[in-house]
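You will see chain A twice below: alongside chain B first, and alongside chain C after that.
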Partner chain A sequence: MVFKVFFPTCCTSADSGLLVGRWVPEQSSAVVLAVVHFPFIPIQVKELLTQVQQASHVGVTVLGTWCHRRQGPEEGLGRFLEGLGTIFSHDPWLQLCRQRGGTSWSCKAVGQPMSPGVPSDDQVLLVFYDQRQVLLSQLHPPTVLPDRQAGDAPASAGGLAAVFDTVARSEVLFRSDRFDEGPVRLSHWQSEGVEASILVELAKQAAGPTCMLVSWLLSLLSAVSTCRLFRLWPLSFICSKLSTCEQVRHRLGHLSLLFSIQGAETPAQLMRKANVFVSVLLDVALGLMLLAWLHGKDHIGQLADTLVPVADRVAEGLQHLLQWLMGAPAGLKMNRALDQVLGRFFLYHIHLWISYIHLMSPFIERILWHVGLSACLGLTVALSLLSDIIALLTFHIYCFYVYGARLYYLKIYGLSSLWRLFRGKKWNVLRQRVDSCSYDLDQLFIGTLLFTILVFLLPTTALYYLVFTLLRLLVVTVQGSLHLLVDLINSLPLYSVGLRLCRPYRLAAGVKFRVLGHEAGKPLRLLMQINPLPYSRVVHTYRLPSCGCHPKLSWSSLCRKLFFGELIYPWRQKSCKQD
Partner chain B sequence: MCDQPVTNTKEARWQKVLYERQPFPDNYVDRRFLEELRKNIYARKYQYWAVVFESSVVIQQLCSVCVFVVIWWYMDEGLLAPHWLFGTGLASSLIGYVLFDLIDGGEGRKKSGRTRWADLKSALVFITFTYGFSPVLKTLTESVSTDTIYAMSVFMLLGHLIFFDYGANAAIVSSTLSLNMAIFASVCLATRLPRSLHAFIMVTFAIQIFALWPMLQKKLKACTPCSYVGVTLLFAFSALGGLLSISGVGAILFALLLVSISCLCPFYLIRLQLFKENIHGPWDEAEIKEDLSRFLS
Partner chain C sequence: MEDELSFSDICGGRLALQRRYYSPTCREFCLSCPRLSLRSLTAVTCSVWLAAYGLFTLCENSMILSAAIFIILLGLLGYLHFVKIDQETLLIIDSLGIQMTSSYASGKESTTFIEMGKVKDIIINEAIYMQKVIYYLCILLKDPVEPHGISQVVPVFQSAKPRLDCLIEVYRSCQEILAHQKATSTSP
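Coming up: the complex of A and B.
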């Protein structure tokens, strides 16, 4: 059985003394946490250890002795250290010794006489670890797989977690400062000291009441939003369709999470809060920049002046497109009568739209000014609002698309059932299959007549459907990219990514061992280094949930829906989601 | 009995089984190997004139298609007034309707349980829908090229002839599909006519000649074979005459086709019957001879 000793690197130059740490019997490994220096009184050491045990619930005991020979061999010290084993009884009793110069180490584990398996010298593994990094890092459970590049490093996943856990939980032990005048002098990792600042103290004092006030305001807001008035049919329907409302609701949820009175308990919750905080902060900062730009040099007026001509030009382009479709587009064989009817219908629609835009044009600047104010709520809200404005401004395209799709859907549906009639078959609803059927003469006649008519009218309808679907897809793509951007800001865990960038050891994926030295008759010495979590995993683990109002649609089902003329995005899908 | 030890190989009877060890070489074939072979037990002996009589169904259908195309050509050229065609069609339909009931003395009607009111309704549906859709039909294929329409009609009429129910019991036969194809072809052709009234009358005529006329034929053939032969001959000659007025070469070709189908093909069939060698034996699929209807009910 191999015997592991985890030794902090900060104690390698400490004076001789006692090793304090935890013995993990399952992995037969000893985690050394600190070194107690001479002189000490054994009872005081035991008292300190019981205090730490009570505070941290970690079985901290005296593991053995630490001997650092700076000068020549000191026979007396060695014998004295052996004698300490009788005062602090522990099985096995470690005797760690460092020779002068720091290159020669020896480690002995002496068991009690009755224990049969006394590990000899060469079966001891000495693993050095950076106490600060291990204390601060957070091991990611699904990825705990220590790299075995340094030969047979026998640390199993569970053992590693135990080591990390032990170090993290005995933080109490490290509180004592180097300059503290305590009864027991310890050597371990020292923090640089907490900088006391009036501002930090004030912020700490103010945080509690602020949180309470803001959370009260937020609860008031949510109570208002859930009141009866907003549940009435048209309002709730419109709210569920507007992405701005969704985004505002999402952000409100974030804020209420941030200002909730309960503190975060687990590190994951803490990380989530930090991520949300950074996301909101970034969002608002970008939004304020946008606001400053918009309201800076009369950009609003310029925007309003360009918006109306753009809408006009879009309508004109559509008119040209329709006139082209009403002719003989691309030499296709269209039914002239149906073509004229459809073209005139859509032209009238565009005419209505243009007059509506012209009616609106005096107010557009004021509307834009107010919309620009919403950027102070965050860039995401402004972007959602932009997406909604695009949806409203291209309402005519949406209408065309719906008309075209409905007509096309009817045609396809009718043709498919009439084609069955043409072959003398029918759809059996009970058995969900196509059966043969004997029709009457008049049924056959009317069915075939309609079939012929539909077949010859199909190209016209299909062309209109195709053109308007392409236009609709263009608008949907623009809106989709806006939503993608909003989702990115909403869900990207910026804090975690920053942590990974600046403090890679904080997010540990595992450890790797480097061989420091291996001499015959001496224990193998390894240095434990922390493997940082890859960026993709960081993003994957700490991703914030997005709005969730854009259900995913696979490409094949999208193509199928497009072919059969079923309405795509967004109305139909939302109803699916409610189901 | 299989286990009897047989020592003498001469006396051992050879059995046509593979599951027993027998004292013969593997490639041994006994004299009795093919004694259960039967030949041509289901082959039928045809009489020449009977076959010719049966082939008249094909002749009739070919002539129907020919008459339809000829009438359409006359209409398209403006040589035939639509009113005249409508009047003739109506009169012949009425005569046919009366004949349809007179031939078998109303037995078929009683068996099918179809009332005269249902017939009137069907006729009204035909006329109303065709008349209502005829303006649509007129502009339906304006932008489609005439050649496309002709090709489509030819394919559809060929399909009509292929899938028609000539009385054979085959999987390819589908009277529904055949009728639908004929109607499709007639609608296609009707869209080429100059006015919507023409289209309406053309489609009505198609219904009469493709849907109603075969029904009357079937009844004629079953009840009065002599008159059926006469009607077929008359019909064939009128179709030939109509075709002759359009194109002489076409008429000659059509006449050759009719003659080959009605005279040469039966002759050839009977000649080929001599070479028929259908073998039957114990390897055939099992046939259930017993009447199983009592189990099914």
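Coming up: the complex of A and C.
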């Protein structure tokens, strides 16, 4: 098997010394973590390594020697380095050497006479990796099973995941920064010293009590909302129908997740928290902007002034439509009597609606002002409220739709059962199937008569049904797009997307290699880079769950329902109960 | 060691195969497709402009002309960035893995790396494409649960679609490395 050495790029210019790292025997690869410089005392190095081993549960050992020749060949140093192999015994003992020019590398692995696979120079792969990026990156999908304890040996993590795991676990080794003076001088990826800011420290101190307070308030709020008064029939029913209530409940869940006292344990949980936080923050910021726009320059008054005429105009348009339907719409000849009855019925309804709106009109500005205040809870709440207002203002269209659909449904139902009679069959309820049946002459006569009547009345009903269904679909589309927008704000993982944008190596889909160059007789050098996760997978992996209050309707089932006159989305349950 | 061979793809277009042998354990195959030709670009632009002028004479609305400019620009950008693949590279490294890189005409690169532990084999397969039967190189991945099963088939050189003679060249070199890998991994 080819012998692989993973070497951090930050150590390429380090002085000569010892290589410290982990040996993965099953893949015959050595992961170099740091270089120990001369002078050192072997006992102290061994002590340090045992400390790191205990803290990180990674078998960190001395792997070999590192020799950086700045001047000409030094015979003495070479022999000295070979001698070190007897102090720190390791099998195989690595001898990594870099010539002065910087491009010429050599690597020898001296093994005990263990196997025929003692690698020659050609059989060694030198893979450079950026220690910081590998340390901070998070492989997707996570290879280590979630139920595994952190203390277990990472034996099962295969291939490159083992390298990532090793580097991530030996964070203890990298903790010392550039200005630390220890007994052993190490060279590895180092931070530029820990920066301390008084604001950050204050925020850290304040975070605990704030979380406690807010979570207590939230628990109080949830206790109030579960009290008995709100379980009474009309309130709970209305709450389950209004999308605003759903949205507020959803946001409350988010807030209680954010301010929960126990911290996030896994990276996925942490990412979820951060995503929720950014989503809430963005939501509130957009809501505040909306609030500032609404309450500045008397926009609310203008809105209220336009809202009432618009509702009036919609009602007028409906009236015209009905009058058109009561004549000869598109040259069709309707059943005149039924047409007139239906038209008058709907016209009366619109009349009622207009008077209702005129009754409301003095208060609309006040109502809008208060509704506008809800934008400080977030844009999503304001949008859900807008959706609810649209639903309330187009209640007449909904009523028309329900009446039309019911009539049409009855017609279709009657026609289908009479069609069976026509063919000498009937629906057997007990066996849930169609049986043949011999009817009397009278039964057949009456049935045929009714069938004829229904067939001739069907076009009129179907026309009304068609027109009102189209109107209803228009309203549902507007509401649906509002809900889509709300869902987008609710579920978009903005923090992850931002992380992918600014720090692509943090979310890794894998690695990619680049060949740095090869000379005959020298080991092949490769550069290992982090392959960032594509945006689509970032969004897919870290999507927050949305409200989930929408029934999943496929297009075919929707069309089927429309054809048979069954009621569609979203107030289906309500209409069932009323019926 | 590096050499360049010329092959043709399934439609008869020219393809250049560059082979780089870095070491006995690491080889790279780079297939370059022909670049975007000026002729097709001009043809598409002219046809869009003629259609836009036709509409413009009918409707007398200058919005159509500016829309045509935007459509051409955005379409070209999208084509170069997401559709047109200039080069496809297969890098195979013994005991480390197989890396497939496709570089788009705009310079974007998308890379997939498959670890050697997951690779079961590399084969040439037949497939029905439109009205003809074509050959393609693909990598078989091991099923982690069942050691003899195949969990996935990853096609290589998906956009270049070279002919069988080119595929055989690549296949032989890959099999050499795979055989070497198998021989060394089982012996100790």
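Throughout what follows, the second predicted complex is superposed on the first by the 546 of 579 C-alpha atoms of A that agree within 3 Å, B and C clash if a C-alpha of one lies under 4 Å from a C-alpha of the other, contacts with A are read in each partner's own complex, and residues count from 1 in each chain.
The rule is simple: a residue touches a chain if its C-beta (ideal position, glycine included) is under 8 Å from a C-beta of that chain, and two chains touch if they have at least 3 such contacts.
What you see is a predicted model; the values in this text were computed from it and never measured.
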Chain B versus chain C on the shared chain A, clash or fit? fit
Would you check which partner chain A:L126 touches, where first means chain B only, second means chain C only, and both and neither mean what they say? neither
After superposition on the shared chain, which partner residues are touched by A:V538: those of chain B (first), chain C (second), both, or neither? neither
Pick one for A:L441: touches chain B only (first), chain C only (second), both, or neither. first
Under the stated touch criterion, which partner chain does A:L160 make contact with: chain B (first), chain C (second), both, or neither? second
For the combined three-chain view, what is the angle at the C-alpha centre of chain A formed with the C-alpha centres of chain B and chain C, to the nearest 10°? 80
Determine, under the contact definition given at the top, whether A:V284 touches first (chain B), second (chain C), both, or neither. neither
Applying the touch criterion given at the start, work out whether A:M271 contacts chain B, chain C, both or neither, answering first, second, both or neither. neither
By the touch definition at the top of the document, which applies to A:I350: first (chain B), second (chain C), both, or neither? neither
Contact-wise, after the overlay, does A:L526 reach chain B, chain C, both or neither (first, second, both, neither)? second
On the overlay, how many Å separate the closest CA atoms of chain B and chain C? 42
Once the two structures are superposed, pull the chain A residues common to the chain B and chain C interfaces. none
Per the touch rule, the chain A residues reaching chain B in their complex are 328, 333-337, 421-424, 438-442, 444-449, 451-453, 456-457
Provide the residue numbers of chain A that touch chain C in the complex, in ascending order. 1-2, 4, 27-28, 115-117, 122-123, 125, 127, 158-160, 510-513, 515, 518, 524, 526, 531, 534
Can you check the complex and tell me which residues of chain B touch chain A? 121-122, 125-126, 129-130, 133, 136-137, 139-145, 174, 176-177, 179-180, 183-184, 187-188, 203, 207, 211
The residues of chain C that touch chain A in their complex are 20, 22-26, 28, 91, 93-97, 99, 101, 110-113, 115-118, 181, 184-185, 187-188
